[in-house]
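One chain, chain A, links the two complexes that follow: it is found with chain B in the first and with chain C in the second.
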Partner chain A sequence: MSSSTELTEKKVFLLKSLDGVIFEVEESVAVQLEVIRELIEGDCARPFISLYNVTSEILALVIEYCKHHAETCSGGTSATIADEDLKTFDNEFMNVDENILLELCSAADYLDIKSLFELTCRTLASLIKDRTIIEVRKMFNVENDFSVVEEKAVRKEFAWAFK
Partner chain B sequence: MKDMLDWTRLPDDTVIQLLSCLNYRDRASLSSTCRTWRILVKSQCLWQALDLRPHKCDASVAASLASRCAYLQKLRFRGPEAADAIINLQAWSLRQISVDGCWKISDASLSVLAAQHEALECLQLELYLCERISSDALKAIAICCPRLQKLRLTGMREIDADAINALAKYCPNLMDIGFIDCRKVDEIAMGNVVSVRFLSVARTCNIKYGITALEKAASLDRLRCL
Partner chain C sequence: MGDDGFFNLPSDIILNIFSRLPAPTILNCKLVRKKWLSLISTPEFVNLHLSRSSQGLVVFQQESMRAQEDCRILEFEDDLDHNDLHYVPVIKFELSELLGIGRGATVQVGSINGLVCLRTFCHEYDALYVCYPITREYIAMPVLDWLVEFPSQVLYGFGLSRISGQYKVVRIFHECVLDPTTGALSSIPKSECHVYTLGTGSWRGIGGVPFAYNCRSVGQFFNGNLHWVIEDLEGSELISCFDVEKETFQPFSSPFPGERHSRTLHSLGVVA
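So, the complex of A and B:
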């Protein structure tokens, strides 16, 4: 809980990325990261938090996302306008390189930001959708490690899905 | 040159979440790419619900799915061939079955379906032109599936007081009933199903809208007659 001496002042946290870059964020943004919200609720959040699995490039994006979502939700606009705004923002936000998308997804999972995790999963899924097996292998750089027998078995297993 | 995507950076549960956004066809494609993804696609949590409506489902298809259906909770399908094939899924823990369109199905098929899925809590059946379906099928459902909470039947024209009384006797948790185009629904028998909270009836000639008998069911909180 916030200390009684700083009631009027906005509480800030310093988040340190894997590569040592420090970001200053307000509490309203920090709590969107479920891992930090839990620390705060458990009263064990220190003002300086190291995030070992996230690079500065990705953390900057994550903070941009959380900041926009926090501001839109507390901005006093009507729910439908806020929803529209977030939708537009999310769409633009997902307009990034596929590798960044993968990093974002992984970070959202690690930092436990449900909405960003679902958004990145949906976007990644839309990239995979309607692709052939060969296209998926190429896209994700997956090597075919099936034996001839296994490949036959897996084709048979899923023959129904292609009908 | 653009870097290749390296999906191995994603933990397994993230990949599973990703897979849950995809339809079976796309999952099948992923499953067919490499061993790791084949194993992930088999994950139990992806096989809680199965919607076979867009796919042709016969006995051999159902048998090929059986290894994944041990914990299947919800199933949706259409067509009489699928209705007969479903038993090959061996999905004994099913809680919910929805049949969207079924024609030429028999009492025997429905009775077998009910007998094999005793844990059923919700059953929705949409039948068309099923002249061979009698009240016995519903009686079998009532006896075999005592945990039923929700029952929606469309086009089961022969349902009579006997069948409804069987529901009243064997299914104490039945709260939500829908009879659509079930011509012979008996209002007096309906009054015996005291557990019912939500009732929806449409295109049925036997129910008088005075619902006198139903009023006897003192626990009836809400009644909808469509």
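So, the complex of A and C:
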């Protein structure tokens, strides 16, 4: 079988986004998508894997994330440096607008990438944290569906705690 | 995802995000949109938030010039970047405003799963309530004619029954008579125990209590039981164990019986 001098052939997989764009990814990236792990391990990932819930824009970002994480973890660097590096990368990676963040969060949930799901949930929470009601509505572009009377009733119920 | 991105997320993802928010933001989120209000009111949210939130510290503050007392609950956050332990005030409220009563001293009777049982008392009243700071809900227990004068005693405990999952506040009352010469406890002509199960709205008598309770500590809850330091009439120390599910008392002897002459059991605590 393969000797250490021989170049090992890297397995690649094809992922097809909702809008039909096909991405070529290495196995180390593909296995991070828990949702398709079984397909890969069962050798059922040919010719390509269709990911119906993810657009090409978001899938490209997800692949970038997984690629960086795969490379950092397999590189020869010490665990501390790798951790630092991933932290810096994650921070920069989260520097996108709210709508992309929501889509990334949803995609991470669908593709079952735990670390990305955790990261996006945490980032979304930190965006909402300490915001006023109006700021939160504005950030996510949502309409107030409470009537004046209904809003008053909720405020009244919790009036003792609105200090 | 369009203009309404957040609201197209599945409920479990929204709950996951909300469960990471501090209490004041959660209160704001209730008023952003009706769907959020209903999500935050679900038991799923409460459980998820509890599983994630750290333990907090309850601080009572009395302003000497004004007849009011504040209750603050602090949550400590791990700051990974600075290795500092810093706290965030989760909630502050005026107790007198909450209960509509005058000045009293407030102590915490107990806290389980984010519920905090508080007692405010003075020479005029003795009030108990359970509040849930995260969703800003509270229950005031009916105040009965229960003013207790020295040397009689009253003790409380707050527990969770193991099987039925009910939260219960336990009140133990002793009418005590002291020996006029020595000042030591000579008899207990009357003792009673009442239980308030959350959700029932009333206190329920469960009969007498077979021991003399020492009012030095509030009941410590762990493992489905409430514990108090007690003495029998011969002066032997015991630890009372009240099964919150069965509502029965099963005392066990002091863990250090040989040291009775030099040391007395003072109070109990729980290692969490």
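Quick note on the criterion: the second predicted complex is superposed on the first by the 134 of 163 C-alpha atoms of A that agree within 3 Å, B and C clash if a C-alpha of one lies under 4 Å from a C-alpha of the other, contacts with A are read in each partner's own complex, and residues count from 1 in each chain.
Simple rule for what comes next: a residue touches a chain if its C-beta (ideal position, glycine included) is under 8 Å from a C-beta of that chain, and two chains touch if they have at least 3 such contacts.
Here the structure is a predicted model, which is why all the values come from computation and not from measurement.
A.B. asks: Considering only touches as defined above, state whether A:L124 meets chain B (first), chain C (second), both or neither.
C.D. replies: Both partners.
A.B. asks: Based on the superposed arrangement, let me know which partner A:K156 touches: chain B (first), chain C (second), both, or neither?
C.D. replies: A:K156: touches chain B, not chain C.
A.B. asks: With the two structures laid over each other on chain A, which partner does A:F48 touch: chain B (first), chain C (second), both, or neither?
C.D. replies: Once the two structures are laid over each other on A, A:F48 reaches no partner at all.
A.B. asks: Looking at chain A, which of its residues have contacts with both chain B and chain C?
C.D. replies: In chain A, positions 98-99, 102-103, 105-106, 109, 121-122, 124-125, 128-133, 136-137, 140-146, 150-151, 154-155, 158, 160-163 sit in both the chain B and chain C interfaces.
A.B. asks: Where on chain A is chain B touching in the complex?
C.D. replies: 98-99, 102-103, 105-106, 109, 117-118, 121-122, 124-125, 128-133, 136-137, 139-146, 150-151, 154-163
A.B. asks: Help me check something: in the complex, which residues belonging to chain A touch chain C?
C.D. replies: Against chain C, chain A makes touches at 98-99, 102-103, 105-106, 109, 121-122, 124-125, 128-133, 136-137, 140-146, 150-151, 154-155, 158, 160-163.
A.B. asks: So in the complex, the part of chain C that touches chain A is made up of which residues?
C.D. replies: The touching residues are 1, 3-10, 13, 16-18, 20-22, 24-25, 27-34, 37, 91-94, 97-98, 133, 136-138.
A.B. asks: Chain A touches which residues of chain B in the complex?
C.D. replies: 3-7, 9-11, 13-14, 17-18, 21-22, 24-35, 37-38, 55-57, 61, 64-65
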